[in-house]
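The structure under discussion is supplied below as structure tokens; questions concerning it will follow.
The letters A, B, C and D name the chains in turn, as written, and every chain counts its residues from 1.
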Amino acid sequence: MNTEQRPDIARLIISCPDQHGIVAAVSDLIAELGGNIIALDQYSTGVEDGQFFQRTVFHLPGFAHRRTEIEEAVAHRLAGPFSMDFQLTDASVPKRVAIFASKTDHCLLDLLWRHRRGELPVEIPMVISNHPDLAADVERFGIEFHHVPVDKTDKTAAEAEHLRLLEGKVDLVVLARYMQILSPEFLTSAGVPIINIHHSFLPAFIGAGPYQKAKDRGVKLIGATAHYVTEDLDEGPIIEQDVIRVSHADDVAQLTRYGADVERAVLSRAVKWHCEDRVIRHGNTTIVF
Amino acid sequence: MNTEQRPDIARLIISCPDQHGIVAAVSDLIAELGGNIIALDQYSTGVEDGQFFQRTVFHLPGFAHRRTEIEEAVAHRLAGPFSMDFQLTDASVPKRVAIFASKTDHCLLDLLWRHRRGELPVEIPMVISNHPDLAADVERFGIEFHHVPVDKTDKTAAEAEHLRLLEGKVDLVVLARYMQILSPEFLTSAGVPIINIHHSFLPAFIGAGPYQKAKDRGVKLIGATAHYVTEDLDEGPIIEQDVIRVSHADDVAQLTRYGADVERAVLSRAVKWHCEDRVIRHGNTTIVF
Amino acid sequence: MNTEQRPDIARLIISCPDQHGIVAAVSDLIAELGGNIIALDQYSTGVEDGQFFQRTVFHLPGFAHRRTEIEEAVAHRLAGPFSMDFQLTDASVPKRVAIFASKTDHCLLDLLWRHRRGELPVEIPMVISNHPDLAADVERFGIEFHHVPVDKTDKTAAEAEHLRLLEGKVDLVVLARYMQILSPEFLTSAGVPIINIHHSFLPAFIGAGPYQKAKDRGVKLIGATAHYVTEDLDEGPIIEQDVIRVSHADDVAQLTRYGADVERAVLSRAVKWHCEDRVIRHGNTTIVF
Amino acid sequence: MNTEQRPDIARLIISCPDQHGIVAAVSDLIAELGGNIIALDQYSTGVEDGQFFQRTVFHLPGFAHRRTEIEEAVAHRLAGPFSMDFQLTDASVPKRVAIFASKTDHCLLDLLWRHRRGELPVEIPMVISNHPDLAADVERFGIEFHHVPVDKTDKTAAEAEHLRLLEGKVDLVVLARYMQILSPEFLTSAGVPIINIHHSFLPAFIGAGPYQKAKDRGVKLIGATAHYVTEDLDEGPIIEQDVIRVSHADDVAQLTRYGADVERAVLSRAVKWHCEDRVIRHGNTTIVF
């Protein structure tokens, strides 16, 4: 168990126009409430007219019971005066994550293994797939598997079923090589962040078939990118990326095998960081503390 | 001094439709001529209808004097029967390389240092720049520096001067952050391969300002790409690429500094490999042995 | 399926004192027998008095039936005249691999999963463990699991049982974080190569507790090493290594988690390369083609 | 110019037993003095009985003139109550660095060239070498070069001359492949930190000839380590490390060439971080913010 997963640990994530005294105001309030800061990261986009971001982790005995009081204190003492957006989370409460998959197993299994091993601070209430192939693999981990076939000409019914399954049960959706484009309506209705793993080093090779495109272009490294899903395909804010060296001798099948290792590593890091409240969206980019 | 730079070492680079008996025919001929194979790399693009490539390094006493005889033997005994393209080089003869630079020094100096240290099997008869800034740096290495200003509205005069300077004196042109687009006429007239270093992980961020584009897109790795120059900007065959990890906290100036380290490393590897006859163009890709 | 796993593909691995004409002699014999070379790698340790190594992959219709004839031809025409050690293998016959594990699952599961995906050219007839914990995980893959408890004060009985289980059934033993030292008698009696994954960048942090040692020394990278097991603990020939960046903020538990990802990647590459006959032992080092 | 190199930027580095309210006390004091925090990193070695470290960068108009007042405020308001060690630096004042070199140029030239490009926040008042070979290279950068021959049987005279040259003129000594062991007396008398680059991935291959040792052991990666010099050879606190992949085909000369690239990169990062007050020694390890 990671330090931050103990009871009575809270995380305060803030974003506001950069100005004097933010760190002092935040740390004063936490001290005044009886908390002790155990980690603090901050970043400003610029000296003048910058946007300021801070992630503060603090220990505060009885946090869970005092949460409303603390949230109100932050709202009145910090968010108002500093024109601040904020989020206050209880580090001992794991995020609830639904994983969408298709037929490809590597990203899904890697997340399930890491979850079982205690590496990810999450609960996984369900896996949803448009194919039944991975049902047995998932159920062995004691996790619900829902097969929701997708009609390629009309995804309305499938997405309605997705929303019904997800409703009120998840804090994050992870597309673990789901390979289906989600409608703007679904993105809005889901109401939670959605993380996708794209099998290329974005913005290179947007869209389908990136390993074939990589082979055709003759690149010497292939990569993978975990990003938040937006309405623009493969254009959302990037959370994490990595690459692996390849050579002329690797065919597309081999690129796909090498790429699978990068994909699962990148996706698991992105999910972990998101669920530890380390990732803050800023326009179409991310701050990762 | 590298093994392959000793006297009496030859390199035979071949390319032909894949078929039975190529390796045997090549090694037989070399043995028959009195040579001893010291390195051999081969690659075929496919089992059926593939294209075959082979780089063979062999020791043959008196090679320099027997070169014409050997070239003819290869032509008659191998190139004809196997419909083969071939190139036969004397490994003790360094390639003559002209470096084009602008105001940025890191790629240029890295090549000059490595050359002085004996890491690159090249001669550098000249450096050409459209700015005079780096003249003193270059001349300290005992290398000729030519300042050829470029009129952005009409590059004809500058390119004519380039061709005059290069004529018959170089086997390779290296664009070490030269930052000028060369005309198709120049590429044809130069008559030697041209290697460019592009300051991004191609095909991401083609064209000008790649570090700004990388910052705007929020990528987590930045890279550099050494490629042969073709008429299509930043679209030529890739020889080598590499990347370095960056974070949200790095501004464009910092990305540029980090990128400089990757650029110089990638370019020096590409130049070294080319000059060791390790790089074979195949369509718009490269085989790198 | 990888190109080399098709029927009628053979691999010839040779080692001999370097001398003129080896490549020609090998390729001639293969051509004469009706084979076609599809991949060839060679390496010599030095120009004078060097040791020569070559891996040749060739297609030869009916190889499986003509194997004895071919083996004899190699013995008489090559091995004798060139004082050569050689090994001839049928690429379509997967190596039989027994995996030894303890309680830690990541290396074991990664091998089983890659095997299921067809990434490893192996059969896995059994998993042997000194603890019963991973039985269910293994059996889900349809693989036999043998629980052989080890008495720390006297391993004789356990090793006898190991030898009984392995006898005639395996070509390779893989220690996937088995954490037990094997006796010299076992190494001799097993009669097959044994690959171990050590959880450090050898030769740093030999022996037990490498992550704690790494934390104490304050290293900025941690690593893993796959090597052949010899009588000298953690001193055998290294097949593959890799590292991952860590920081002062990572405690030993976190180093262990990061290290697990490196261990599984390094071990799976070593096993794959060994089973593709790419690894040749040379003294206490390896040639990896 | 980096943000932190502007005028009126101060850095406060603190270390103390972990306890409640440190961040608040520091940020309060800075706010009260009229400063604005622009970067803050902190780390605690443990929740209980941990040691706490913090690097705070703040903008405070007129810092240079108010330095004594601020230092006293920190001493009385923070250092006393929290049993704190602290260091207060003016970010606009570059550290003065003496570089010691021998005959090998790559680490030295890389530092001089980065300094010229403005990448390192340092002044370089002198280079000292036991050989005259690099004098011209150094003087071209407008930097003093002192040739101080070293008698291997008695280094007393040489070290006395070193101390005379350094006295009062430097804040840091960098051993850029100096290849001489410094006496404990010199370390004490110099009175400034000394950074060395060791040409291996420590703690592997301590002492002389690490590339030969690496070749003999057959490692698949070679590395370099920048560390503070202590009385125990190659045992001081590690600041930075990196590695590069090598193969069986690389001889010791090639390992040395590859290693040179890693050495210069690792050393330049270590020097930069030290001179930005990012490196805090903690026992025999370092915190690098």
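Here, contacts are C-beta pairs under 8 Å (C-beta built on N, C-alpha and C of every residue); 3 or more make two chains touch, one makes a residue touch a chain.
None of these values were measured; they are calculated from a predicted model.
Engineer: Identify the chains in contact with chain B as well as chain D, in label order.
Structural biologist: Touches both chain B and chain D: A, C.
Engineer: Would you say A-C or A-D is joined by more C-beta pairs in contact?
Structural biologist: Higher contact count goes to A-D.
Engineer: What chain lies farthest away from chain D once each centre is taken as the mean of the Cα atoms?
Structural biologist: Most remote chain from chain D, centroid-wise, comes out as C.
Engineer: Between chain B and chain C, two touching copies, which fits better, same or different residues at the interface, with half of the numbers shared as the threshold?
Structural biologist: Mostly the same residues form this interface, as more than half of the numbers used are common to both chains.
Engineer: Return the distance between the CA-based centres of chain A and chain B, expressed in whole Å.
Structural biologist: Averaging C-alpha atoms per chain gives centres 42 Å apart.
Engineer: Would you kindly tell me how far, in whole Å, the mean C-alpha position of chain C lies from that of chain A?
Structural biologist: That gives a centre separation of 37 Å.
Engineer: What parts of chain C, by residue number, touch at least two of the other chains?
Structural biologist: none
Engineer: Given which chains touch which, is the overall layout a line, a ring, a star, complete, or other?
Structural biologist: complete
Engineer: Could you pull out which chain D residues touch chain B in their complex?
Structural biologist: Per the touch definition, chain D meets chain B at residues 2, 105-106, 109, 113, 117, 119, 140, 253-254, 257, 261, 265.
Engineer: Which residues of chain B touch chain A in the complex?
Structural biologist: Contact set of chain B toward chain A: 43, 201-205, 216-221, 223, 237-243, 247-249, 282, 284-288.
Engineer: Please output the residues of chain B touching chain C within their complex, sorted ascending.
Structural biologist: Result: residues 3, 20-24, 27-28, 30-31, 36-42, 44, 47, 59 of chain B touch chain C.
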